[in-house]
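As written, the chains take the letters A, B, C and D, and residue 1 is the first residue of each chain.
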Amino acid sequence: MCAASASATIRVRYGETDKMGTFYNARALEWFECVRSEVLREAGVPYTAMEERGVMLPIIEAHVEYLGRATYDDHLKLYGSAAMAGKARVRFDITIEHLDGGVPVARGYTVHAVTDPAGKPLRAPEWLTSALG
Amino acid sequence: MCAASASATIRVRYGETDKMGTFYNARALEWFECVRSEVLREAGVPYTAMEERGVMLPIIEAHVEYLGRATYDDHLKLYGSAAMAGKARVRFDITIEHLDGGVPVARGYTVHAVTDPAGKPLRAPEWLTSALG
Amino acid sequence: MCAASASATIRVRYGETDKMGTFYNARALEWFECVRSEVLREAGVPYTAMEERGVMLPIIEAHVEYLGRATYDDHLKLYGSAAMAGKARVRFDITIEHLDGGVPVARGYTVHAVTDPAGKPLRAPEWLTSALG
Amino acid sequence: MCAASASATIRVRYGETDKMGTFYNARALEWFECVRSEVLREAGVPYTAMEERGVMLPIIEAHVEYLGRATYDDHLKLYGSAAMAGKARVRFDITIEHLDGGVPVARGYTVHAVTDPAGKPLRAPEWLTSALG
């Protein structure tokens, strides 16, 4: 009954910082995507394979809370979990913290529709709902 | 009593699209920043001038709803407004739509702390609260 | 016999800066793309129309010289020109400078193959070679 | 007498692709930076430590040849080496290829000045020249 989950580690790239010295806010959504990829891979439904089967997960909502600084070369740990949100949506919950010490950096969620390649909503196929637990 | 507001137009860059053919989700937060800059400029407190006075507005929360597609070279119109949210926070509400026809692309908000350059929270100075109406 | 040319102006976005306070180096290639779009539009062959006709210009080489600083909210002017480089390649030459005063920021070039949507090299169609002068 | 060298692996992020389905050209410069960081770390002079000592390596030239496609989730291997180019410049040579099979993706180089935090050119300190071999 548990949601699918996974983690990933990244180092903050120089180009992900901004003149305030910390990471630029939009990078959080890019990092959220990194861990979504790992969650789906862990669940046995890598997103590349989903796309090949004609199932897309376009984003419809994103939320980020910025909890702490992270700067160039910092080693971060990303945790993500995915679960169905109704019959045609998938929700990912994500947290980002420093690898050493666990100091929080950001947390949030993204909600995705289940669609065909043309963007038409689909009822989630059984292989997806069972993979996401 | 009205909030400060402004608009901006952008063309979607090729590098802002992704393999799905529409804009990549994190770009919405970059576009939100473009219109925040214009809102502050219109209100008489350009962000560069605020930084020179030692007042920063680091982001603490962001929310985006994705409402429609936009792809390379599309002309988009961004609307933003800002208002104080308590004594030490500023909130921007933002919408993005197609310049021709007004079809919605995204909407959302960002919340920012008012801090000194070291990140220490400040009570918003009077010139800021009065600029934001 | 002149190459097609155009210019564009941009403001440096906060997210385009890095912790050194100036623009992050990869942004130059994103800005090069902005002016390439304008050069093709001015020449009467907007890139969206080219893609619809089945002609793509994938990049095969890029060169940038970084000449000066530019930071958040700076107003920049981009100049670009395009010309055929042989029968199956297009070359763009680009310069970026400060809008006020003309202080140089970067200059460089990009070289693009002419291909079909599958990436197969094409001899450039006559409408393209004549548009690029 | 050898240059300092290192490698790194990355997976292509969804946001690094563009509507042509391959990686967007400017991402190559972001990936070049990833391997530069590893080269300096391997050489015993991590860039964060260099910055703390007041030595910066701002980029002054970049060159990229695009050799092959890479798309979302592809596993790439990056190789980089660094060497002094005169007394006040460092040059990195970089290649990117697919981790499986070694098919080439891009190669190029970047040249960096050695400066103080204000951007004033420095003669490279001995600890840097000896680290870079």
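Assume contacts are C-beta pairs under 8 Å (C-beta built on N, C-alpha and C of every residue); 3 or more make two chains touch, one makes a residue touch a chain.
These numbers come from a predicted model, not from an experiment.
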Any chain that touches subunit C and subunit A: B, D
Shortest path length from subunit A to subunit D (each step joins two touching chains): 1
Reference subunit C; chain at largest CA-centroid distance: A
Winner on C-beta contact pairs when A-B is weighed against B-C: A-B
Centre distance in Å when subunit A and subunit B are each reduced to the mean of their C-alpha atoms: 23
CA centroid of subunit B to CA centroid of subunit D, Å: 33
Rounded Å distance, subunit B centre to subunit C centre (Cα mean): 27
For subunit D, residues contacting two or more additional chains: 14-15, 25-26, 30, 33, 72
Complex contacts: residues of subunit C adjacent to subunit B: 11, 13-15, 30, 33-34, 37, 46-48, 72-73
Residue numbers on subunit D that touch subunit B, as the complex places them: 14-15, 17-19, 21, 24-26, 71-72
Of subunit D, residues touching subunit C in the complex: 20, 22, 25-30, 33, 56, 58-66, 69, 110, 119
